[in-house]
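Per-chain residue numbering starts at 1, and chain names A, B, C and D are given in the order in which the chains are listed.
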Amino acid sequence: MREISYTEALREALTEELRRDAGVFLMGEDIAAYGGAFGVTRGLAEQFGPQRVLNTPISEGSFVGAAVGAALSGMRPVVEIMFMDFIGLAADQLLNQAAKLRYVYGPQARCPLVLRTPTGGGRCYGPTHSQNLTAWFLHVPGLRIAAPATPADAKGLLKTAIRDDNPVLFVEHKMLYGRRGDVPEDADFTVPFGRARVARPGTDITIVAWSWMAVEAEAAAVELAGQGIEAEVIDLRTLAPLDIGTLVESARRTARVLIVEEVNRTGGVAAEVSAQLVEQVYEYLEAPVRRLAAPDVPIPASPPLEKAMLPNRHTIARAALEMVQGA
Amino acid sequence: MVDLPYSEIARYRLMLLIRRFEETVEELFSRGQIQGTTHPCTGQEATAVGVCAALGPGDAVTSTHRGHGHFLARGGDPNRMMAELYGKATGYSGGRGGSQLMADYALGFLGGNGITGGSIPVATGVALAIKMQGRAGVAACFLGDGASNQGTFHESLNMAGLWKLPVLYVCENNQYAMSMPVRASVPIADIADRAAGYGLPGVVVDGNDVEAVQAAAAAARARALAGEGATLIECKTYRLSGHSRGDQRRYRTRQEEAAARERDPINRWRDRLFERGLLDEAADQALRAGVEEAVRDAVRFAESSPYPDPATLGEGVFA
Amino acid sequence: MREISYTEALREALTEELRRDAGVFLMGEDIAAYGGAFGVTRGLAEQFGPQRVLNTPISEGSFVGAAVGAALSGMRPVVEIMFMDFIGLAADQLLNQAAKLRYVYGPQARCPLVLRTPTGGGRCYGPTHSQNLTAWFLHVPGLRIAAPATPADAKGLLKTAIRDDNPVLFVEHKMLYGRRGDVPEDADFTVPFGRARVARPGTDITIVAWSWMAVEAEAAAVELAGQGIEAEVIDLRTLAPLDIGTLVESARRTARVLIVEEVNRTGGVAAEVSAQLVEQVYEYLEAPVRRLAAPDVPIPASPPLEKAMLPNRHTIARAALEMVQGA
Amino acid sequence: MVDLPYSEIARYRLMLLIRRFEETVEELFSRGQIQGTTHPCTGQEATAVGVCAALGPGDAVTSTHRGHGHFLARGGDPNRMMAELYGKATGYSGGRGGSQLMADYALGFLGGNGITGGSIPVATGVALAIKMQGRAGVAACFLGDGASNQGTFHESLNMAGLWKLPVLYVCENNQYAMSMPVRASVPIADIADRAAGYGLPGVVVDGNDVEAVQAAAAAARARALAGEGATLIECKTYRLSGHSRGDQRRYRTRQEEAAARERDPINRWRDRLFERGLLDEAADQALRAGVEEAVRDAVRFAESSPYPDPATLGEGVFA
């Protein structure tokens, strides 16, 4: 193991899988010479050639559809949508093609497609370059969803995604790209889908988070520890399948759950997690499950507005403190 | 099922089969035997058969909401197709897909599509895979005149043009998209002319002439196999039936329909076979009887098949 | 008042608003001579001319975008998407244009756009003609969402939607079109957004539903009454704004809430309603909030499979009974 | 702001203003004064100014992610634009929109767009409204070469062709979509040729020649006002700057850029003004100084403006 960045971890996963399996190829806008808007694929076109690191025209609806066709034909496309804000353009192909083919056509249809996409705020990119629309796809049966928060998970989950025979939505985060962490060098290192990561064990409250908010939640737990509160932080890692078991087990112990996400509050992932937890651990809870999320507004570009919009370690710690003290 | 390599008579028989299949399906719907909806391809048999006759076993076909003819022409089993329409377990999709969503990958038939224009990028990606894998093959992508107005048409043909992909974009211009006459939805005379915007050849062909369709498809296929890329083939034809069951056809006149019926592709092919001495009345009757029997068998098969077990509802969402 | 069908009620609303305001016009596929796939606009082109009942090419992404442009320019377009299954094609225009313009550009930008769309199963139309994707748009700030379950609400909410200065997603249901009910004739009859309808008062349990499921829930309440259980049935009517107040008040009285919806369970509207209720009435509840929804599979065409997939009066009654008896 | 009716000198001044504005914005970004991102239109000033010079006050303009030039050319206030880039309350969108999302409806400037191709249908709908309302006006829709590959381009031009809508689709072919050279994303020589697929005229113009652009736009506008419908105008130009800040421009050579700089639209216009005796060194210096001062003022205005109050974050989502 050595420390590398989240970006490098992703690139390593891509490199290893491109090497391992001739069926794997990358497609997306500006992923070759430019290396993608966030540099994830930098150098790969030089290494693997422009056929396997394929720049596409600006045609999100159809290059995702083309990836579906390629996947059905024995390839393993890894598609990049430059910002998740643009995924509406490809939503139909994910919803009505990729996600449904297996269920309708049975085992003859195999759609091993990975759609990687950067998400999230924190960079003042404004209303159409900061969104995370993952919640939409939680509502689409037939899609797997991964959203790693650490470099190790970035590598391990991306490799699992590429090897999976189902369409996988792979949610990255702009604030995570530069973060460094220990990542196994083993080319067979993978992280399984459907297992949450206990980022920090604790006893007083369970803080559930995903993607960048998992990092902020961990920092909040450090703050809280300073005040004598031991928060357990659980990083969902994959949203579909969702590891409800780990959450249930933790909630039973702590009796308090705070779910944190960066996205607009209404209709987010946290709503689903909350509903499931209530269904399963209601009698163990000493307080209502609480959600901390962004308010229901488009995400503004202006630095102070964006900052006010997004949860962070301090607002998380404050919400957790209130829950623990309110009991 | 298909009497390869699509002899003249085989093509005739397929066209008859498609016609009889569609007529029967319409009857079954109106008698309430089948639920859901269906889009008959009556009148368009020559495009389905002409294109499939030009394809090889390693090629792939994507279809539309109006896909029974494409599937039968590619060798689809009428029994399993009919069972699918009935929502039966023995149907191609075990009843899950219904009329628009049946496929047989072993036949290279990748299925219809409920989304107008939805299969155009998929076919393009199939062709991309064929090219990447260095295989000799093409993807044949059926689409309607209405579908040529979807963004996916533009985006896909552009990628095919850029990457010289082996695709046959077969636009069945049957004069209507549901109730929209093509002149109200496409502001130019020939959809084929759109190909120029992507550096592709565009060909107009009489879609009711099975030989003409086959020749155009064969030429486009040869071109694709030679690495020269895609072709847009516009087949001018006519949808003799309504858009789907229940369509009152208020948007066109009966006279127009009668005139179109004069150009029925099956009669035209039959006449040509007679002229060439390949068919006579007796043989024609025998073929028709055989087709009639095949479709009756399909209905029997469908009706006697079990429904899927509701307990299986949740199975197979993921690989 | 007289009894008319849901379809007639919608048509009446359109007719009255077309007459009242020269800025109102309809656009969509096959809405003129054909009258739309479900006949809602039948006869309107004859009455108002092809300019105001405008047939579009099959270009969902752009005719919705064109409606945005027209709305910004002083018109009040009422767009039809033939089946909500196709809304993915227009998702970007709703998400990144219609919903955001007001917030970003302020009062100078007015986007009075209504997007009507038929939804739902029950007709064996299969995986791509039976979906209801409303939950996606719950997660989009800046959109209003109405989903009437009765002819009167169909008329009253559609008129409110057309007169509203915001983009409104107007969710219809195939099983509702033929249903009849009393509808006011008054051309100024409207139904306000943000007020749920108590379809049936009750004391033992609150059943929350929307769209077609509100009808099934009412029928379930009749079944339950036969067994001595008085269920209160609340039809949400509008999902954005969501009338959480009425739900909270009811939940406090009944102490039991069952939320019913027809859509795939995970990430649905019910998750949000559940999460909000738990946040607000946790201490009043005698049982966990329960959701009854479709399983997480594409909706199959086959009659017995479709039937097994969708909640109905009997499964609703059973779930409610279990909750009441389980207490 | 604009010295209407866009005299030769006014156009020159606007081009200088755009150039200086963009250069300053790039500096401010690299000094960390501005957050987020920006897409400079350096080198494309003639398209923005040429088109806007051909428009009337009742016309509407939709822009792109690379929209500062369009806005300035249409009369946008540099102060409020700069404040928007700074995320200040005095910015056009109160800081909410940033570089890509500023608008002034009173000027008929409907804003930029974060979605490549996203404004094409919107502009088309604006034109539909103009037509329905019987107003004399056009919508001018700026789009890039890359955007011409989006489905919305196809769908929108098709509707404009069908309904004879008064739109000017102005494709600024600046040779690149981010890192993609146009020859790698469009398989034909002239994007203008795509117009034929929609029954529209397509015109190629030297996008670095402000008069040529203006003439083409004026002709297209006259055509639209006469009820003859839309035109696609392809302006061949070159993006002298990187795609956005931080772009290393690894996908092209410095030689290519140097050659392009030889065709700088501002210098060309300046030379012509000199030739025509409309400009001399002193006047040029004065204009440059004035522009310099205007941009400095804009920076001062932006820097001295307050940030929006975070308490307003939740306001104004709905009308």
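FYI, a contact is a pair of C-beta atoms (placed from the backbone, for glycine too) under 8 Å apart; a residue touches a chain by one contact, two chains touch by 3 or more.
What you are looking at is a predicted structure, and each value in this text was computed from that prediction instead of being measured.
**Student:** Tell me, please, which chain's centre (mean of its C-alpha atoms) is farthest from the centre of subunit D?
**Tutor:** B
**Student:** Using mean CA coordinates as chain centres, what's the gap between subunit A and subunit C in Å?
**Tutor:** Roughly 30 Å separates the two chain centres.
**Student:** Counting only Cα atoms for the centres, state how far subunit A is from subunit B in Å.
**Tutor:** 40
**Student:** Express in whole angstrom the distance between the two chain centres, defined as the mean CA positions of subunit B and subunit D.
**Tutor:** For subunit B versus subunit D, the centre distance works out to 45 Å.
**Student:** Out of subunit A, which residues touch more than one other chain, so two or more?
**Tutor:** Touching at least two other chains: 57, 59, 61-62, 85-86, 89, 92-93, 96, 103-104, 127-128, 141-142, 296-298, 300.
**Student:** Which residues belonging to subunit B are in contact with no fewer than two other chains?
**Tutor:** 94, 96-97, 101, 113-115, 149-152, 155, 158, 162, 184-186, 317 - these are the residues of subunit B that touch more than one other chain.
**Student:** So what shape is it, when you link every pair of chains that touch: line, ring, star, complete or other?
**Tutor:** complete
**Student:** Along subunit A, where are the residues that touch subunit B in the complex?
**Tutor:** 25, 51, 56-57, 59, 61-75, 77, 92-93, 96-97, 101-112, 141-142, 144, 164-166
**Student:** Which part of subunit B faces subunit D closely enough to touch in the complex?
**Tutor:** Against subunit D, the touching part of subunit B is residues 149-155, 158, 161-162, 184-188, 193-194, 196-199.
**Student:** Can you check the complex and tell me which residues of subunit D touch subunit A?
**Tutor:** Spelled out, the residues of subunit D in touch with subunit A are 35-37, 87-88, 91, 94-101, 113-117, 146-147, 149-151, 177-180, 184-186, 247, 250-251, 307-308, 310, 312-314, 317.
**Student:** State the interface residues of subunit C toward subunit A in the complex, per the touch definition above.
**Tutor:** 61, 85-86, 88-89, 91-96, 99-100, 103-104, 127-128, 133, 135-136, 138-142, 240, 242, 263-264, 266-272, 274-275, 278-279, 282-283, 287-291, 296-298, 300
**Student:** Provide the residue numbers of subunit B that touch subunit A in the complex, in ascending order.
**Tutor:** Interface residues on subunit B, with respect to subunit A: 60, 62, 93-94, 96-97, 101, 103-106, 110-111, 113-115, 118, 120-130, 132-133, 139, 151-152, 155-156, 158-159, 162, 316-319.
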